[in-house]
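The structure under discussion appears below in the form of structure tokens.
Chain naming follows the written order as A, B, C, D, E and F, and within any one chain the residues start at number 1.
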Amino acid sequence: MFYTDGKLQYPVRVEKANPLFARALQQAIGGIEGEIRVAMQYFFQACGARGDPKFRDLLMNTAAEELGHIEMLATAVALNLEGAPLSLKEQVANDPISGAVLGGMNLKNLLSAGLSAMPVDSDGVPFDMSHIYASGNIAADMVANVAAESTGRALAVRLYEMTDDGMKDMLSYLIARDTMHQNQWLAAIEELGGGQGVFPIPNSFPQDQEQQEFSYAFLGFQQDGSDPVAGRWSQGTSIDGKGSFKAGSIMPMGEKPQLAPAKPRGGAQKEQM
Amino acid sequence: MFYTDGKLQYPVRVEKANPLFARALQQAIGGIEGEIRVAMQYFFQACGARGDPKFRDLLMNTAAEELGHIEMLATAVALNLEGAPLSLKEQVANDPISGAVLGGMNLKNLLSAGLSAMPVDSDGVPFDMSHIYASGNIAADMVANVAAESTGRALAVRLYEMTDDGMKDMLSYLIARDTMHQNQWLAAIEELGGGQGVFPIPNSFPQDQEQQEFSYAFLGFQQDGSDPVAGRWSQGTSIDGKGSFKAGSIMPMGEKPQLAPAKPRGGAQKEQM
Amino acid sequence: MFYTDGKLQYPVRVEKANPLFARALQQAIGGIEGEIRVAMQYFFQACGARGDPKFRDLLMNTAAEELGHIEMLATAVALNLEGAPLSLKEQVANDPISGAVLGGMNLKNLLSAGLSAMPVDSDGVPFDMSHIYASGNIAADMVANVAAESTGRALAVRLYEMTDDGMKDMLSYLIARDTMHQNQWLAAIEELGGGQGVFPIPNSFPQDQEQQEFSYAFLGFQQDGSDPVAGRWSQGTSIDGKGSFKAGSIMPMGEKPQLAPAKPRGGAQKEQM
Amino acid sequence: MFYTDGKLQYPVRVEKANPLFARALQQAIGGIEGEIRVAMQYFFQACGARGDPKFRDLLMNTAAEELGHIEMLATAVALNLEGAPLSLKEQVANDPISGAVLGGMNLKNLLSAGLSAMPVDSDGVPFDMSHIYASGNIAADMVANVAAESTGRALAVRLYEMTDDGMKDMLSYLIARDTMHQNQWLAAIEELGGGQGVFPIPNSFPQDQEQQEFSYAFLGFQQDGSDPVAGRWSQGTSIDGKGSFKAGSIMPMGEKPQLAPAKPRGGAQKEQM
Amino acid sequence: MFYTDGKLQYPVRVEKANPLFARALQQAIGGIEGEIRVAMQYFFQACGARGDPKFRDLLMNTAAEELGHIEMLATAVALNLEGAPLSLKEQVANDPISGAVLGGMNLKNLLSAGLSAMPVDSDGVPFDMSHIYASGNIAADMVANVAAESTGRALAVRLYEMTDDGMKDMLSYLIARDTMHQNQWLAAIEELGGGQGVFPIPNSFPQDQEQQEFSYAFLGFQQDGSDPVAGRWSQGTSIDGKGSFKAGSIMPMGEKPQLAPAKPRGGAQKEQM
Amino acid sequence: MFYTDGKLQYPVRVEKANPLFARALQQAIGGIEGEIRVAMQYFFQACGARGDPKFRDLLMNTAAEELGHIEMLATAVALNLEGAPLSLKEQVANDPISGAVLGGMNLKNLLSAGLSAMPVDSDGVPFDMSHIYASGNIAADMVANVAAESTGRALAVRLYEMTDDGMKDMLSYLIARDTMHQNQWLAAIEELGGGQGVFPIPNSFPQDQEQQEFSYAFLGFQQDGSDPVAGRWSQGTSIDGKGSFKAGSIMPMGEKPQLAPAKPRGGAQKEQM
């Protein structure tokens, strides 16, 4: 269950409203690496967490924090949009600046939301909840969370570099929180056994039932028959500690597939039957 | 550039065509953790890879392999669909089995694809390319790839458990390849410096510009004022080796936000102005 | 800013786990009239609320409550899924029940989420945040909220009728909350001036700038030339109190449109130029 | 069944073609508050209308009118696009205006549609038919229609303010029709019994089966224990006339949820079992 | 502009309501090859038609007819849904039939639409207007229309084979109309010059500006160096009459691409710079 | 199964990096008429091809070629993005050019992909795999392929006209390949019997089971009762050679539909029962 006091987790200050930066900030709200994604991802992972309840608590608490980040960013977007013109002023040709501002901003923020934030990305594409990765496997979830916070911090850094406004202060806070969250989910992986304990995910599948000849083989294609690109992935003990890497050319073990002819009354051409 | 010889990477054998299992297999084609996702994700990461070209080669070769996995699974779906009835035979009530088969399968596989595979998931939802994570940050990409292969292997294991058919053989091969691919991307992370070298991602951002007071602090909420759930994330050196974990209560540092009144001719109610 | 204590707003009891009902409940989570929609809609309306701050408070508090409803429903889904089989057991024909259960449930709940809830509707379609109506016009938002709670309560009633389980208790609570929320947003409309005060929305546009001849005219088409279907909408004072209804035949005031020929090098056929 | 004469309901005049305004107009075609939405919403509500057939007639007639509005707007978009350049002319830096025009317009209108309108919004996002609210409950449908026409009129007003072209004339007509349609659906609610007759929707559910203790209680959270924000929603007779508003603090009646351990062969980590 | 008389173009008779067939029929409404698609495709092509106005008339008239087909199918869906149970009746195990019916139908038709049709496909996926192909090139549009009517007729034939109900009568009418519409758009191509006149589309691009060496060459890959699969496409005059087919092995003319290093403050890893 | 050598099919040269043209090129990658679409469409058609295996070979080989086209275009996008600024430089007003560049480009290419290509269209909308038309009917598939290559070539021509860069060279190659692919699929139709052999699609449905009275009748609406617009479609032998065109007024053969009253406990208003 959730509570709110309507206050911001961290102050949001905009010195010079910039509708184009408002559009950029939308990526941090409704982009696939944005705050709606992590808030809802941790929320659904928490709701489905089976096993030690501490992971549910960890996830749900962080979900609550991320909801507060959406609130901060939505406030920042609304404040930046206060600089937007409402009209085209006759012709773009006579007034290039206002045309460029309207042209460069996300027009839905004005037309559809009346100068407010929306759950869309920087191109106005709505966030789609299929990006909520909650697999029922706690280790896979933790890796997905590290991934989300990695792309999230890359985005926050790019926004930080884009602006010279007071917005830098808010972003330096969000970058710090992303640092923590990357570490937090890595710490959870450590609690679950670390690299050699959790991989390959899921660790509950008996590996003698997989085709082990191919479990640690890097396969690639070279027209001259030489081995594919070498690296840590082609030699040495595997990272999960359960095999040894090797490398080889990829080649077919199967034949060209043969499907049955089309059924007589199934809407195919008669030549296919 | 790509080549094909039309053969299958591994044999695909269906003993008893089962349209419901065809629907389940669709998740491995068009689900968010399926093969289209990894094939296209590695492809786009390769196309945008800046820096050491070996990562481009590694990614593009694995993309090619995953395309072959889609081909295997699409063949498996088509073969399983050959058991589907084409008609409802009067009434469901009189013939519960054919009703259950048609009811349980993805009807589009019949109506729209004529008993073939489609780029959709097990509920018939088309794959959406926003799931292609290619961030321009090679380390973030590698973590995203470990995540993709972790949920992918969990899915393959669930499919393996669901069937008693010859399909188990093909799936045991795909499970092995997922083992390799998890290890392969982890190996790439090792080449990039390992945990303490790559995190926090991006490692190019100077950490003295983030609000470091919050960079390693786990924040949660307890109504009785006690600390939030303890774990590896609340004490000890951080996983990236650059700080020490601490824990505390989450609390607002900002106030309730204040937006300006609505603009006079901006489509708001006059009470908002 | 948000807090959570991890507890449920109302007890969730499942007596007999039913995976098909789990699928039905998914509509109340990720359907367009479900709880993610209202939680996020009130959240974004709050973030963009300009004018009297009490509406921001009202909206944000109710957003927090709705988050708790998602949590309740996600718990209910996970508990109902505990009755799902993991395998097809040879052939559907030999075991119609397990086939029907797997066929009737949302397979992603098993394959992709490991028997947990997902942010999808009852057909497995992910929720799409374009359904968050937050217009920057507080009255339009309130009407959208009444609409959301009306379809939401219709859905809850249908779920209540579908089950005979302890689930009825949880649903009777949610139905009551929907009753309140319908009334609450209607009360907000009353605070904003009631029907004659708020309509036509937006009330800030000077009506002498609209083509008033058509502002209160019901237009329809009858092949015999008679008036279209009569009702309250075709006579009497308009509901907003600012005009009188009349009725008439719809007919074109414009001509067939004439576009310029295609530009010479714009990718059209040469016959279009 | 539908007929067309190819003429426009109201004249469409563009004095100075403006591709950026074409992009803005796209919101009124393919935005969630646009004309495709209302046309198709009334159409599907009509097709599913059970009960008094006059509502089917009312809805289908208005659907036909809204189709004509799409036609008007699509014509307006095509005419405004006739001002678009087809080439970048060397460099944006040397020719800021043509760059700004191409940069500010929806590029798909040129690249994909050859300077014609598309069923997309002002950011080029295609309309998605999940926005067609047709609930099978006639009162819920009418409220949804008032909501659609309220956001629709807010949009039309914003477009009116944005332009100084002859487009203002067409928009003043559409604004008037939105005034009528808001009133028309409110009139339909009056025919269905008015506020006290239709609410809570659905009015067919016996209220003694809902948890009536919570049916008229506004719940919010204040850290200091005081009541949440007061207003018409916290006291007095409820708007539906069937209860009395009260207010209180939101608090959990349930416990932390407990899910069963993960099933042995279900793809979870072994630590979860 | 559009008119309606509320009547059906052709009678719709359901003898035995079948909710599973209702789900199948949904594909003909909201599937990518369904009636919403063709209605809206012809509508938008008409709105953007430049050149001889007879094509606008042809397209808009057929759009109107297709709207009537949606109406017929929506009526058929609603009538078929009248056979759906509203409750699960205790346990699926005790009542396999009602469970199979609810499990096999599109649950949203019941939960979200109250036993009415929706603009979704047979798996409950909403129609997405990006499928409206209207290219600004009249010949490309006509080919797209032939494609739409070809998949549409295949779908109608499959539905015809699936049912034994009076529904066969309605479907035999729709199949006939699809026959006409395929021929109608082929006739339009003939008016535009026929195969040798319209191809390659667009015919307005001067072919001496394309790399003509590759304009009629079929390229494929054989590991043994032999030519790829032979057919009409590898020899003889090309279908557009403007070249001669030849065949050859596909091979790279470019090198491995080289991107610049990542920019210093662009969110990449420092190893990429 | 697929192989890659990491080289480009044709050289990709960018002389003057232009982020706005990068955005335009995205349409050729992730637009509905772009290269992902054709690559995946031919791939899935191949996987489901029943009948003569030469069509599978033809399709799979061309799928491989199209994958190489995505690679070329993704390289071109990345190279063009190298001209993008990373920051807003204080205010748009002071630096209109950098503002216009950032405003005109797809911001996700910078924020989310670090100056790389993405599987999105020119407005940043992700490609959605529902556009993969693979019907199980080989003739319908071939027509869909001609349609795809027709819109694809129109797009390539528009891109060619938009740029003055070395990009013209790459585009002239892609235009030539589109010429070939249009002809190639037309050649496949010829192999399948040509117009009179393949139409109406599917040619396996016995036409005496369709309502033949309407199979070759063009229906339209004229208010004055005259025939609808005349053309090749209203007279002469039909294109499929199996009938004669005629024309007539469209008119209803059915009545207004009558649905049953709403069920008592189905969530409708009581007035509907």
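Here is the rule we use: contacts are C-beta pairs under 8 Å (C-beta built on N, C-alpha and C of every residue); 3 or more make two chains touch, one makes a residue touch a chain.
Per UniProt, the chains are A, B, C, D, E, F = Catalase.
Values in this document were obtained by computation on a predicted structure and should not be read as measured data.
Common partners of subunit C and subunit D, by the touch rule above, are A, B, E, F.
For the self-contact between subunit B and subunit C, the two sides draw on mostly distinct residue numbers; the shared fraction is below half. Taking B-F and A-B together, the chain pair joined by more C-beta contacts is A-B. Chain centres computed from CA atoms place F at the largest separation from subunit C.
Averaged Cα coordinates give subunit E a centre that lies 10 Å from the centre of subunit F. One finds 32 Å separating the Cα centroids of subunit A and subunit E. For the pair subunit D and subunit F, the distance between mean C-alpha positions equals 28 Å. Counting only residues that touch two or more partner chains, subunit C has 1, 3-9, 32-33, 47-48, 50, 56-57, 61, 64-65, 68, 71, 75, 78, 86, 96, 100, 103-104, 112, 114-115, 120, 123-126, 128, 130, 135-137, 139, 151, 154-155, 157-158, 161, 201-202, 205, 221, 250, 252, 256-257, 259-260, 262, 265-268. Taken chain by chain, the contacts link every pair, so each chain touches all the others.
Listed in rising order, the residues of subunit A touching subunit B in the complex are 5-12, 32-33, 54, 57-58, 61-62, 64-65, 68, 71-72, 75, 78-79, 82, 86, 114-115, 125, 128, 130-131, 133, 135-137, 139-140, 143-144, 146-147, 150-151, 153-154, 157, 160, 172-173, 175-180, 182-184, 186-188, 190-191, 195, 199-202, 205, 207, 209-221, 228-233, 238-240, 243, 245, 250, 252-257, 259-260, 262-263, 265-268. Residues 16, 18, 20-21, 23-24, 27, 31-33, 96-97, 100-101, 103-105, 121-125, 151, 154-155, 158-159, 161-164, 221-223, 250, 252, 256-262, 264-273 of subunit E are the ones touching subunit B in the complex. Interface residues of subunit C facing subunit B in the complex, by the touch rule stated above, are 1, 3-5, 47-53, 56, 86-93, 96, 99-100, 102-104, 106-108, 110-112, 114, 120, 123-126, 135-139, 192-193, 198, 201-205. Of all residues in subunit D, only 1-9, 30, 36, 40, 43-44, 47-48, 50, 56-57, 60-61, 63-65, 67-68, 70-71, 74-75, 78, 112-120, 126-130, 132, 134-137 touch subunit E in the complex they form. By the touch rule above, subunit E contacts subunit A in their complex via residues 154-155, 157-158, 161, 265-268.
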